[in-house]
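Listed next: structures, encoded as structure tokens.
The two complexes that follow have chain A in common; it is paired with chain B in the first and with chain C in the second.
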Partner chain A sequence: MSLLENIGSAVIKLIKSFTDIINFAWKILIRIFNRNTYTSAMRTVLIDQIYFTSVQILPIFLITSIAFGSLLIGVLFLQLKQLGLTQYFGHVLMGLIVTEFSPFVTVLLITLRSGSAINTEIAVMKVNKEMSALEAFRIDVINYLMVPRVINGVISIVLLSTLFSVVLLGSGILFSGLIFGMSIDAYSNVLLNSANFSDIVIALLKSVVFGFFIILIPVRFGLQASHELTSIPIVVSRGMVNVFAAILTIEVLSLIIKLF
Partner chain B sequence: MKREVKVGLFIVCTAVIICLALLYLANEKGFFAGNYIFTLSSQSGDGFTEGMPVEFSGFTIGKVQKLELNDKGLVLIKIKIPQKHLKWIKIDSTFTLYRPLIGAARIIVTTDNLKSAALPEDKIPEVQIVNDINDSIEKVQPLLDKTTQIAENLEQVSSKIDVMAGKADMHVFGSEGTVPQVNKILKDVNGKLERLNPTIDNVNKISTEASEGLKDIGILRSNVDDTLNAVEDVAKGVDSIISTKKEPEIKLP
Partner chain C sequence: MRNFIKNHPQQAALVSIDVPLISNQSVLMNIALIKQYHENMPTAKAEPIVFSALRRLNLENIAFKRNPDLNDEERFFAMLLRAVMVRDALVIIDRPLKIVPHMKNIDYIFQALKNIENLYLNCHIYDYDWMREKYGELSR
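Moving on, here comes the complex of A and B:
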């Protein structure tokens, strides 16, 4: 009986956590589409957030993209050549690398760097009662703290995953020449033939959804911190686990959408 | 550089890259170009699908937009060709539906003379059909026939072997066959062997007795050895008596 109770309790917790996140997401979405949200203070926070999340890490991100992307493209092209599947390299490049791999790697990098930082930041603010202080000054915490971070997540993921794709396609020019002896014209023609407009739109939409949730979930879990310092690591670890679960769920959902 | 400028530069540059990439893709895919619709005909709509690519020299130059059935029962295939690929479609171009064994079907345009006049939009060329599956089946058909013949021959051989096996069975296992004869011989040999058993017992008994007799001969021999030793002692005694006398002759009484 206790086993059944445990299962039931876990499922109820899961459903409650899921509905909490959806409710919170809805609240943030309404604020995003509300013109009054965009005050000068909020815009300053938004610029700061984009700066910390995207601009500050740009050199490291580009170096990582070049190194990782070149390695991946090189290995993939060699494998395709060895298996005699050269004619499919355009489909692999566009269908797998650009529309699937780029958003996924970008999301992982941003989650590890910024998701955890935002989760901790919000939890610390909650513990230090900074939220209460802001509310005491009649500052809307959602508009001032949460909406800029979530918008920053969306903008950063979309832009950085596009940059990642551009870097990968650039590596593709180099490796298609080295491995397949292909000219740039032939390479771009293969890419164009393989490129599917709907796939690119789905990839961009997926990046938007990724960006929204990988910041929203850490913010939500950061708010669950109590007034004790020991609650910070607990909410941070919970938040990060939920972020990774959300990433996998979004990946699976996008695959299902692509199938139909 | 101010933080705001850096952020603005990053967003603008990346957004421009995205927009340019999408515009380039849209342009190359012919979203902005004018399209021409040509109509092809076929006796059957089998193998045609809407969205099917139209290829020239391995490059996709258009796609099938619509399939219709006219009043005469002919299938009309409307293909959409962007303006920039219009130069490949000429009045003497041939259109072939290619259905490969593996991969998607496509319409292949072949133009021998690129200087010919352009194909008028109201002309309806007929599509030839190349079906790799049917061609493969035709190629495989003689092989299948031969295989069937071989199978029939094998069946005949097998029936002959069956008859021979029946005969062999009769010769080997029949009432006058080899196996019953061997059984009979074995039974005879068995009976004779059973009859030999008492004789072997007797031989064993004699052998045991002979062995015991040999033991008695051993004892007898040791007795004889003792007697001979005693005689030898007496002979030695006599010999010693005789050697001490000056006259070796013994006067008998």
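Moving on, here comes the complex of A and C:
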């Protein structure tokens, strides 16, 4: 095969994979907005999933956000002071930390913990013929398994990235006092003056899109497992690589939207 | 068997090695799922029904166990109870000896079916022809 053919087949593969994900996303979206999807069984799965993703992770998530957030805020404030850019610290906090950094770190943590787990779980269910068992009992696999997981992704990312922002802004109180000698009232004033409504809306929308895709992609790849155990690591690694590609793509797209 | 399922798509309730329990859920959840999904029954209402069915087979102790923790008999009965949760269930037991390979006396299954007979409409057992003698009088 010539180089050109190789490039061509790689591009076709990429386009096929992309359209496959978009088609699947459309299918899930339709079900999310359908009232009949929300059966008692589906709601039970949704509550379980939110517990696994958002509640069980809380201790680790809080420790990470306090340690990592404080370190970042401390370094950032020191740099601003040294560069004589103290007056911009409010904009840096709201524009960089709240709208960019919090969703990004949250999505990385959730992808590593829950994205990989869901990818494996779906693949194992496929290998064990559990999907066929559900179908044999006329249980819609998309409604029962996929939709609650995707909704959970959206809810968890929005809530956890908000929590991450709150923790970071909280540690900002401490460092603004230590580095700039600022009172809590002055700090709150600076934050409120720097808060831009459109930035917050974009941050929320970004969290929603992140949450949707970082669960949808592992689910989709988990479904591609065959009935052999050896297919599990293959679909999990493919799924995770694609999730990271999606995270980068969403980041770039949100930056482009912000520019315009 | 396939024709039977095709003719009764809403009532067919399969007990088969090819229709396993969901391994990341307890027996209780596996059985209650049918009522919760088909009849949109709340968990609080579905679970007592499952417990009462498990009690009839003296299997309340397996309610919170998961598939890998069950022995063959417990797995078979959990699958059977899941099947009878289908409304007006026409239970189809596909090669029971594949699920409980060491079972010597098939009466064990018939006794269990008798204990829960008001939970299903009808029950059909499908097996290979060469297993006929295992079913004794009933196969004639």
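Everything that follows uses one rule, which is that the second predicted complex is superposed on the first by the 259 of 260 C-alpha atoms of A that agree within 3 Å, B and C clash if a C-alpha of one lies under 4 Å from a C-alpha of the other, contacts with A are read in each partner's own complex, and residues count from 1 in each chain.
By definition in this document, a residue touches a chain if its C-beta (ideal position, glycine included) is under 8 Å from a C-beta of that chain, and two chains touch if they have at least 3 such contacts.
Just so you know, these numbers come straight off a predicted model, no measurement behind them.
In the superposition on chain A, A:40 contacts chain C only, with no contact to chain B.
Of the two partner chains placed around the shared chain by superposition, chain B is the only one that A:162 touches, whereas chain C remains out of contact.
When the two complexes are overlaid on their common chain A, residue A:189 makes contact with chain B while staying clear of chain C. By the touch criterion defined above, A:51 lies against chain B but remains apart from chain C after alignment on the C-alpha atoms of chain A. Contacts of A:199 after superposition on the shared chain: neither chain B nor chain C is touched. By the touch criterion defined above, A:251 reaches neither chain B nor chain C. Interface residues of chain C, counted against chain A in their complex, comprise 9-10, 13-14, 16, 18-24, 29, 33-34, 36-38, 40-43, 46, 82, 86. Taken together, the chain A residues at the contact with chain B in this complex read 47-48, 50-51, 54-55, 58, 155, 158-160, 162-163, 166, 189, 192-193, 195, 197, 200. Interface residues of chain B facing chain A in the complex, by the touch rule stated above, are 3-4, 6-7, 10-11, 14-15, 17-18, 21-22, 25-26, 28-29, 59-60. Listing the residues of chain A that touch chain C in their complex gives 39-42, 44, 121, 124-125, 128-130, 132-134, 136-139, 144.
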